[in-house]
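You will see chain A twice below: alongside chain B first, and alongside chain C after that.
Now for the complex of A and B:
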């Protein structure tokens, strides 16, 4: 168990890292005691998006599949939650609606992924096919303003978006405010630990091997397509989780959280943070969301210009990601370069080759 | 009867022109350098804004459109020099970099110019065949699309630059060793691609509302055309556009625009399952 958590595919190992992890977790847990409820609500809002970033990190950083379709599955699941919550009548059924909507997103990912992965498309085409699907979904939902567009009693409402669904509820208790915050923190810890174990497991090793060289992995006897599909479905399912939680958090969802520029956001978070490591993505996405939200209050356009600039700067100056780069630098200084063991050097050279291929 | 036939042709021509004009620039850049230019939509937007700006200053429409395409092309060369040139060894990163650029441009335009600019209206003129009336400008667009295809054919098959460009496309290192200045060829190709995007924007500027995010209207069509066309864009783009235009036209006519677009997307997803390398791979195999 501990071996899986501390495996070779994730940075941050041993006593020092895990005590930092526990310290951050403890700080996160006592945060609502000191902060006012508005800030707690805002924090839950940032945490919603982290699942989507972690999913992309798994697909892109570990699996080598650059999906631009995170908001596609976000939207499918978000709308599915709305439709289900309205039609099933709210109350405790919202929990079922949440789970079902994530499953719906994963089924959609399975279908789209089957056609792309078994068709053998990869690299750039993978990105632009997923992005095309995303944009078409956004256009489609944008023109559903008329009363004829409804599923059960749920109106889709075009650009104004769907609203009126219940938030997550158990019995008569709405999961809001600090309760929602604790649910989010718990979910993030579970997802983070589970992904760490996944990428360090046997399956994770095959996923990484496929990223490095699909043909070699295939020659070693693995059906790489199955592993790629699995990665795609899990990563997209996490985007779906974000979507359902988002709809439940704000009790509305609009097509603008699917189309451009929303579709670019997960890419910016993960690229800036450092796609090849889960911890870097977790930390970096949170920082970016925090910064973005702070600027959006003054001007949304300015915030998006900043995101674009960050993406451009990341690619030109630090292709592996800024947070990851800074993290590695800190660790190097801290341990006086003892950590530059053969293992990480090997992993680095492998990654370089795959980038240039 | 002939009126019905012409009406079908007219609808086909309309979709075909849209696909070719929006995809040509993207396809050239992708074919030459293996780079997908995510700022493609923004070059289209640039062409449209320059056209409308010039027309409002009193420049005749056709000249304004030409100047707009040239402007977009020059900006394209600058972008190639400043950004894309450094990323040729990392095609995925060049895609991300141009996407970043696209975000910056769109949102800055929203900040500076505001959300919408008054348009200039579609040029008047229509003609009637049988009981139907048709807009002349739509046929002009079709003619332009065909002219773009012919122009590209001439540039890439009949000129010295074309020979060098095709050699670079096949094997850049070898072409460089034989004396082709690949850096300059890349810059010119990117400029042509951006210029074609600008032309697309210029031609469609009179027909649509000008908003800074208008590029997004074109990118789906240009992406799917390039994906279906496959790696050899000189061979693949036109057949892909014909094929997609047929599907789109049939669906548009019976179910409307949005179903047409969704149907086209489904067709593309099915095609990549069967022909992952696109139509051009089949054509290349036939040719040998």
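Now for the complex of A and C:
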């Protein structure tokens, strides 16, 4: 298991990295003790979006599939949570609603992904089709204002959005405030570790090989379509997790959380952070969301302009991502010093161990 | 015994017939070279066998099983392994990881580690194992791809111009490697331009010309065939 965590597909390995990881985790865990409830709630809100960013990182950075459909699955899952939570009566059933809504998003990803991947859609056309699906869903939901648009007792409500669903609840206990924050932190740790193990596993090897040269990967006997579909379903499922958590956090969801501006955001977060590394995406997305929210308090327009500027700056100055670039610089400096000290070789660091499987 | 049987295969691209009604048999255990001048249809026939192109007409059998409609990965799983004409490696990944990705399809655990080291040593790539594959020389990338193809332990190894861009020394070494694989029982089909290399390795030769089989037979028979010399080798080179 440890070999999978420290594999060649992820930046940061060894006791230094994991010590820093544990220190950051410890700081995150004690944060609510010192912060006021408003800030804790805001942090929970930032963390909601990190799942979507990690999903896109897996698809785009590791799998080579640029999907503009993260908010499509976010929306499907978000609305599904609302419909299920309202119709199932709230309370503890919200936990089942959360899980079911993520599964619904994954099934939708499986269907859309099957037609795209088996249909041979790749490259820029993958982005175009997923963006089209996103815009169609946003447009459709915007036209559901009439009373005839309901699923059970849940009204879709057009641009005003769906509301009235319970937050996540266990018994009589609403998972809100600090409790929600701790749930978010736990989920992020689980998802991050699981994705790290996935990309460093045999499956991850094939996912990366497919990104690099799909024909060569197929010539090694791998049905690359299955690996691409798996990647798409997992990445989209994580967007679905963000969607369901978002709806349960705010107890509402509107079509604007699916449309074009929203769909572009994950691309900016992941591009700026460094699409080819999970840790860079985790850190970078959180920082960007924090910065975006801080600036939005003063001017939403300025925040959007900043996002656009950051995307341009990333394309021009650091195509591999700013956070990843800084991370690699730190790692190179660190490993370079250690190498001089211990006279070790770089070749050994990329080695997969036999007992990983 | 025929390992590969190509029966009446034709491939058309619009109005161009690249391969026309070709019958080809590759026997188990032989090194079979496919030669011909530029535009003869060698690479097209190679891609038809591999599954990169569907034939317009005809059938392809591997080990007596009709594989005409199978995708490339399914053919590889049956025991084919391919090295493409241009080096086709994972350029942004380390050399060692390239080999690992190929090996993990067949091996796991300590067995994979042993095979990994054996292949890296065999191909003189052990010192380069930590480098990105894209930073290797052209010849080294060719060897790396051959190593990835070998990692699958195929029944049939298909090599499309395996020595393109190699120095004479590297070419000779590649020929010796191919002969050693064949000595272990591997069937090998090679598409090649370099006649010196063909002389080094071939047991049987098929000559393609204008998309059709022009001649076939043992190496000496083909070399001494005046018509082959005329269309391909050039009379001065044939003697």
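As a convention for this text, the second predicted complex is superposed on the first by the 333 of 357 C-alpha atoms of A that agree within 3 Å, B and C clash if a C-alpha of one lies under 4 Å from a C-alpha of the other, contacts with A are read in each partner's own complex, and residues count from 1 in each chain.
The rule is short, and it goes like this: a residue touches a chain if its C-beta (ideal position, glycine included) is under 8 Å from a C-beta of that chain, and two chains touch if they have at least 3 such contacts.
For clarity, every value in this text was computed on a predicted model and none was experimentally measured.
S.K.: Contacts for A:159 in the overlay, against chain B (first) and chain C (second): which applies, first, second, both or neither?
M.R.: neither
S.K.: With both complexes overlaid on chain A, does A:121 touch chain B (first), chain C (second), both or neither?
M.R.: first
S.K.: Between chain B and chain C, which makes contact with more of the residues in chain A?
M.R.: Ranking chain B and chain C by residues of chain A touched puts B first.
S.K.: In the overlay, answer first, second, both or neither for which of chain B and chain C A:223 touches.
M.R.: It touches chain C, and chain B stays clear.
S.K.: Once the structures are superposed on A, label A:261 by its partner contacts, choosing first (chain B), second (chain C), both or neither.
M.R.: A:261 sits against chain B, while chain C stays out of touch.
S.K.: Quick one: is A:209 in contact with chain B, with chain C, with both, or with neither? Answer first, second, both or neither.
M.R.: Only chain C; A:209 stays clear of chain B.
S.K.: A:334 in the overlay: touching chain B, chain C, both, or neither? Say first, second, both or neither.
M.R.: After superposition on chain A, A:334 lies in contact with neither partner.
S.K.: Let me test your reading of the model: by the given contact rule, A:290 touches which partner, first (chain B), second (chain C), both or neither?
M.R.: neither
S.K.: Please indicate which partner A:305 is in contact with in the superposed arrangement: first for chain B, second for chain C, both, or neither.
M.R.: In the superposed model, A:305 contacts chain B only, not chain C.
S.K.: With the touch criterion stated at the top, can you tell me which chain A residues are shared between the chain B interface and the chain C interface?
M.R.: Overlap of chain B and chain C footprints on chain A: residues 355.
S.K.: Any idea which chain C residues touch chain A in the complex?
M.R.: Contact set of chain C toward chain A: 50, 52, 71-74, 76-77, 81-82, 84, 88-94, 96-97, 100-102, 104-105, 108-110, 112-113, 129-130, 148, 152.
S.K.: Which residues of chain A touch chain B once you look at their complex with the stated criterion?
M.R.: The contact residues of chain A facing chain B are 66, 112, 115-116, 118-121, 123-125, 127-129, 131-133, 135-136, 139-140, 143, 259-261, 264, 267-268, 271, 299, 301-302, 304-305, 307-316, 319, 355-356.
S.K.: Quick check on the complex: what are the chain B residues that touch chain A?
M.R.: That would be residues 34, 36, 83, 86-87, 89-97, 99-104, 106-108, 110-111, 213, 216, 219-220, 223-224, 226-227, 258, 261-262, 265, 268-270, 272-274, 276 of chain B.
S.K.: Please name which positions on chain A make contact with chain C in the complex.
M.R.: Those residues of chain A that touch chain C are 8, 202, 205-206, 208-209, 212-213, 215-224, 345-352, 354-355, 357.
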